[in-house]
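Order as written gives the chain letters A, B, C and D; numbering starts at 1 within each chain.
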Amino acid sequence: MSLLEIDNLSLTIGDTPILKDMELSVAPSEVMGLVGESGSGKSMTALTVMRLLPHAARATGRISFDGIDILAATEDQMCALRGDDIGMVFQEPMTALNPVKTIGEQVAEGIRWHTKASRAEAEDRARKMLDRVGLPSAKFPLSRYPHELSGGQRQRVVIAIACALKPKLLIADEPTTALDVVLQAQILDLLRDLVAESRMGLLLISHDLAVVTEMADRITILRRGEVMEAGDTARTLSEQSHPYTRQLAQASMHVPARARPHGAGSGQALLQVESVTRDYPGRRTSLLWRAPDIRAVDDVSLSIAPGRSIALVGRSGCGKSTLARMILALDRPTSGTIRFRGETITGKSEAELKPARRDMQVVFQDPYGSFDPRQRVEKLVAEPLHLLEKKPTRAERREMVAHALHEVGLDQRDMDKYPHEFSGGQRQRLSIARAIITRPKLVVADEPVSALDVSIRAQILDLFAELNQKLGIAYLFITHDLTVARAITDEVLVMHDGMIVERGKTNEVFDHPRSEAAQALVTAAPDLHRAIARRMQEQG
Amino acid sequence: MKLWKTILAATVLALATGTSAFAARTDLVIGIPLEPPHLDPTAGAAAAIDEVLYANVFEGLTRIGPKGEVLPDLAESWTISDDGKTYTFKLHTGVKFHDGTDFDANDVKFSLDRARADNSVNAQKGLFAAIDKVDVIDPATVKVTLKNPQGSFLYNMGWGDAVIVAPETADTNKEKPIGTGPFKFQSWAKGSSITLVKSDNYWGTPASLDKAEFRIVPDAAAYVPALLSGDIQAFPFFDPDSLAQVKDDPRFKVVIGSTEGETILSINNKKPPFDKLQVRQAISYALDRKAIIDGASAGLGLPIGSHMSPANKDYFDLTGRYPHDVAKAKELLKEAGLENGFKATLKLPPPGYARLGGEIIASELRDIGIDLEIIPVEWAQWLDQVFTKKDYDLTIVSHTEPNDIDIYSRKDYYFNYDNPTFDKVIADLNLTSDEAKRNELLGQAQKILADDAVVGFLYELPKVGIWDAKLQGLWENAPIQANDLTKVKWSD
Amino acid sequence: MTTYLLKRLAIALATLVLASMVVFAVLEVLPGDPARLMLGMNASADQVELLRNQMGLNAPLVLRYLRWVGGLFSLDFGRSYTYSVPVIDLVRERLAVSLPLALIALALSTIIAIPVGLFSASRRGRAGDTVAMGAAQLGVAVPNFWFALMLIYVFAVWLRLVPAGGFPGWGAGVWPALKSLLLPAVALALPQAAILARVTRSALIEVLNEDYIRTARAKGLPYRAVLWRHALRNAMIPVLTILGLQFAFLLAGTIIIENVFYLPGLGRLVFQAITQRDLIVVESVVMLLVAAVIAVNLIVDLSYAVVDPRLRSRQ
Amino acid sequence: MTLHIDIPEETLSDILAKAFRNSAFVAGFVITLLILAMAIASYAWTPYDVTRLVISDKTQAPSLAHWFGTDHFGRDILSMVMVGARNSIAVALVAVGIGMGVGVPVGAFAAARGGLVDEALMRVNDLVFAFPALLSAIMITAIFGPGAVNAIIAIGIFNIPVFARVARAGALAIWPREFILAARAAGKSSTQITVEHVLPNIATLLLVQGTIQFALGILAEAGLSYLGLGAQPPMPSWGRMLFDAQTRMVVAPWMAIFPGMAIVVTVLGLNLLGDGIADILDPKSRRQR
């Protein structure tokens, strides 16, 4: 008899339908993967099982857990289940813990509530649990506060809270999406061990096919609240019988066609970075002195030839964004010089930087954050025109915006709309339109596709490749996702603790990484091909 | 709901016992509007000082009675020389100050010399100007020689500013007043109340009250609730505006008396267009005294035609000189070449008669085309801008000092009025002490002021007293600003 | 932690010095002459001049400022012109009324507002919430002097439970003194309680949307336990800010209530001092109030650090 | 304590549709509109002339002739409430205008520059906050004389620090957003960015704080004129009507009830309007007290 059975579950919040006749089941010590793009209702499924839905939610159908009818259970019955028999881990570790309570209190609280254990006993079990999730009490005493821990460490505390009472079922809703590749691998290993050790059922929810393939025995694919296909992971993904499954799988492995970059590699370097360093003042620990400075970027040198596409890869916190900002002259280096098109841009005033800025623009990660919602698209995309010597007339400006929109595959009439009238993918196209309107020589893209769903990500990467061909724009791609780097760039620089530890042709570096940091990245990065192959092998 | 009722009942019982039980009472709480700045009547002009201390704690050679008459006080009797310049006072013996020290002629000499000295800070220094020298004949007799005969000298010695103090305690009276009166000072909680208790070594008939507390209640709004809730039993100077709420309440007695206060619309006689007689007369014609009295003083107080209070024996009724006649007023303005009116300012000090009266007068003058801008000011600003710098057009004030018609003859007084014939009459008045002659001169003075329409004469400030119906002995009128408690007692 | 404290202290002192200059300058401009006021209409001009010298009013500006500021540190604020008594005694008497009044009003306001805020936040959108917030809206809208008058006529005049005003002084026993402060405290507490309830509610609603509340519920804690053990403490910071502001207002913003209840409080002392141009009293008491506000802000800042550990380690 | 702002994602028509379903907004809007209409109407017509004193029919109870009764000078209370509305609203409106006009640029500038400039401006801000508002308003009117204009200045000054704090908190929440970085990459100066991007995004926050300060302005004006420091006769003001009424509470209660109700209704209307706007436009933004 399976641990968790959901059949023809329908859910509406207010008057918007979320789930329609959904089926899913999880057996003890089985890992069920629930995959879907944003807005598919996968998180809502988890919250329905936990009965943590907002007031206006109405659920019909049947959910049975260990013989108990969840939808009919009273709140007290649910309180007894939550944290004891069903544990849940959430996506955003930075905000998942109460900032004003110590990690010890937050882990022990669940134990004391369910088992009426004494304070000392509960704290002892909490210490053991934290140790089990990789936070030894020597280095992480119970008295620490959440803000004193990193994202990865906080996620371990959340896992400790969820598994403190050896639940029968663990629900993990995008547990590693906010973490970098190496941390993701460690957390997934931890989850796999915990599930095996106490024979827990695991419902793993994710938008990343590769992660689910590595972890899940069976898989359910969800689209707009409806189950597209479900079954054994390896067989479902290799046969790809359902068209949506096929589309998802291909998009995850998509590599845009890249003919020889036009006129590449010749002539004087477009961007020259010479031993640039950036220090941040350490925290002031007492009146007289403060902690030693933190070195975010340490003596980095690199050069980008016109039209070349370079990737800057590394774990979160390795300094890649800081370096990008210094290149864009949005941040001043502590030492070292940056030369763009032959002129040094470090230490120059805003006015002097105008010509340089005309030739380098930026694309950001969050499609929703990179546009001022109060302005129309025309004004937003035309913002860089502010840098032109001669201010274009209104008509000229509209014409240039129309041209840019056309180049990124959007319609002229979109010019008069507001940002919120566009989808995530379309907004990223607008972002690119803004970047290319002044015909820049270099575009710095800071994690341009990591916030997008798999299918849309592929289209944007194609757009980047096409613009590189047509306009000969050089790219500096910042990403922690190796598949993106491999797909779009010629060379790669691997950064670790502020230093460039390895550089070379993208495929060569990723196939045989020499530096220790690069190796860790390559092994940790989930790769759908490898995952499917290994699954098929296991099932023989 | 039932539980809630029992709780409310319980609290009512507990709190009610707190209020004082009704035996024959010997204590009294009196409400006064303003707190005295300090407690030395010889060193400050504030009326509040006399309201608490005059006749209760301090006594002078003479005392002014309930009807404004001059009565003997520390001076048992006196003889006046034929030329009216030397007064010989026979003092009571066996009188003691509250600190136990003896009172004798030396204290009188000290007090009078101190008041008329060059560095004296006495607010009414003019009262002692006529004194030439003071001689101690023996401990019970003192002789005072004047530079020239002064009809009002005995009256002047009855003022609060002329009380007798002991040299040893003169400088500390501001904080701890030591006098010879029937009550002695007990305590002063600044901003809250001043408490007097019966003096055990009083030379005269002892007071019937054991304890009298003067509680300071600045806001008229608080008078009525204080009375109705029994916190305060008497308001000798009640606000006429609030009278409507309490006058029909059987628990209280409302006593309307007169004062020496002439409430006037002062005019800056040198400032155009007020320097023209027709303009001032037009103003007098425009004023409807009855409406002002009804609106600003709840219908209490008698209209006046010149600078004399009807309660005064030398009063001449000149209210008929300028009857309320809007047409005549407009005609006079046309004569003065101002038929389409003019703008002016009306500066109002804090008291109710000014702030309420001002609104009514502004409305009445607006009917004849004079557009007044009302500017409320505090006393400090009024004294500085109006009284000293004469930077004003019109203002409203009530002159409460007794027999003060001579202010119109003072040089540089804020009316800016200069009439030699009037000054001559006042000069003659000062020299004569014969009653009939003084009465005739005062009549002439009042007539000149009315004819010149120096100011707009409005009404005599009424003394509105209200106190517990079972209380007796409080003054009906206020010839001077005082609360003489010597005769006050509870009836049951 | 100490650096956080010292930095705030330094700022507070700088603000105080700045405030003293502003206060002194403003009062020099105040028209009206205290000496003339004391001597009245009949005193002559040279008598007034004589008194001005005795009171040191004619000394040069800077000298008077330095003498006054010097005195501030030794709590010798100089003597009041009108009462001719050391200002510090005056202030001590008036504080004996204003301080307890402010504390009672603050306590009343907190006791009423926090539970109401909690109640309506936990029932957001339902009947209880709209009624509570409707009452809070009304509480803010009523002018407190109008409300005070209503209270007097009901409780003092009609029911005769409490005195209609005045302050018998602590000497007359604690209960009579407290009784006389009861009505004014209620009149002051109502609008403050209304504001505090609304702030508590919106702060709590903001916190209840946070992720860690969902984590707590996922732990199995029922709604009530989550509200008390997790939500309330996080909502404390905006509530503490309002409490700080309210205490500062209650110290000096109660002139009108002190007038209606004829209480000898600090507000009325300064109001009368302004009308009587008793500059020394005005300067000193305003400085005292500014210092009190700055001290209250300092305490509120420190309490932030107590409530939120993140602030403790901030540089 | 930075402010978390989620910028609404709706067009104007959505907002209006939502507005008229929000009870607080509708109630507030209707009340405020009524009071404004009453004030404007009073310029053209009032049942009686408020400047004419008719002492003979003083303190008459509400009747057909005088719906709200007459005051101690025989003036029609309804007319005075109408004209008084004009005065209260004008004082509160201009005071909020001063508060916003000075406070918002200061707050935005402090947020844009940061560092020492920010620290200095905020210290001056704390200083003004430290002064007891009512006492200082009294000092101001004592120096420059009472009257509506001085009341406006006195109340206006104490609105400045409120708006400075709200504007700064709002701006600080916007500056780290990515579209600001994009604007900097487009070479725009911090002033241009403040005007084009920051101010429009904190406009709703300021609007909501504006209604609150407007309501507090009405109460402050009532308090000042209660002490006799607001608008002077013959211009009626609600606060002074209450002052005149208090000595006649028992005999003429209508003199206190109607002006008191006028104040309560106006302030209630404005606060409801503020709540309504806050809920509609920035459901997640937290209004600064």
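The definition used in the following text is that a contact is a pair of C-beta atoms (placed from the backbone, for glycine too) under 8 Å apart; a residue touches a chain by one contact, two chains touch by 3 or more.
Treat the numbers as computed from the prediction; the structure is a model and nothing was measured.
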By mean C-alpha coordinates, which chain is most distant from subunit A? B
Check: interface with higher C-beta contact count, B-C vs B-D, is B-C
In whole angstrom, the CA-centroid distance of subunit B from subunit C equals 38
Where subunit A and subunit B are represented by their mean Cα positions, the distance between them in whole Å: 87
Using CA atom averages as chain centres, what separation in Å is found between subunit B and subunit D? 45
Distance-wise, how many Å sit between the C-alpha centres of subunit A and subunit D, to the nearest whole number? 46
Among the residues of subunit A, which are close enough to touch at least two other chains? none
Can you tell me which residues of subunit B touch two or more of the remaining chains? 221, 224, 378
Return the residues of subunit D touching two or more other chains; collapse runs of consecutive numbers into ranges. 142, 246, 249-250
The chain pairs that touch are A-C, A-D, B-C, B-D, C-D
Complex interface listing, subunit A residues touching subunit D: 328, 330, 350, 353-354, 357, 361-362, 364-366, 369-375, 380, 383-384, 386-387, 418, 420-421, 434
Where on subunit D does subunit A make contact in their complex? 7-11, 177-179, 181-189, 196-197, 200-201
Residues on subunit B engaged by subunit C in the complex (per definition of touch): 11-12, 15-16, 18-19, 35, 37-38, 44-46, 119, 121, 123-126, 174-175, 189-193, 215-219, 221-222, 224-226, 228-232, 350, 378-381, 383-385, 387-388, 401
Which residues of subunit A touch subunit C in their complex? 50, 52, 55, 75-76, 79-84, 87-88, 90, 92, 95-101, 106, 109-110, 113-114, 145, 147-148, 158, 161-162, 283-284, 286-287, 290
List the residues on subunit C that touch subunit D in their complex, please. 11, 14-15, 18-19, 22, 26-27, 29-31, 137-138, 140-143, 145-146, 149, 153, 195, 199, 202-203, 206, 209, 237-238, 241-242, 245, 248-249, 251-253, 255-256, 259-260, 267, 270-271, 274-275, 282, 286, 289-290, 293-294, 297
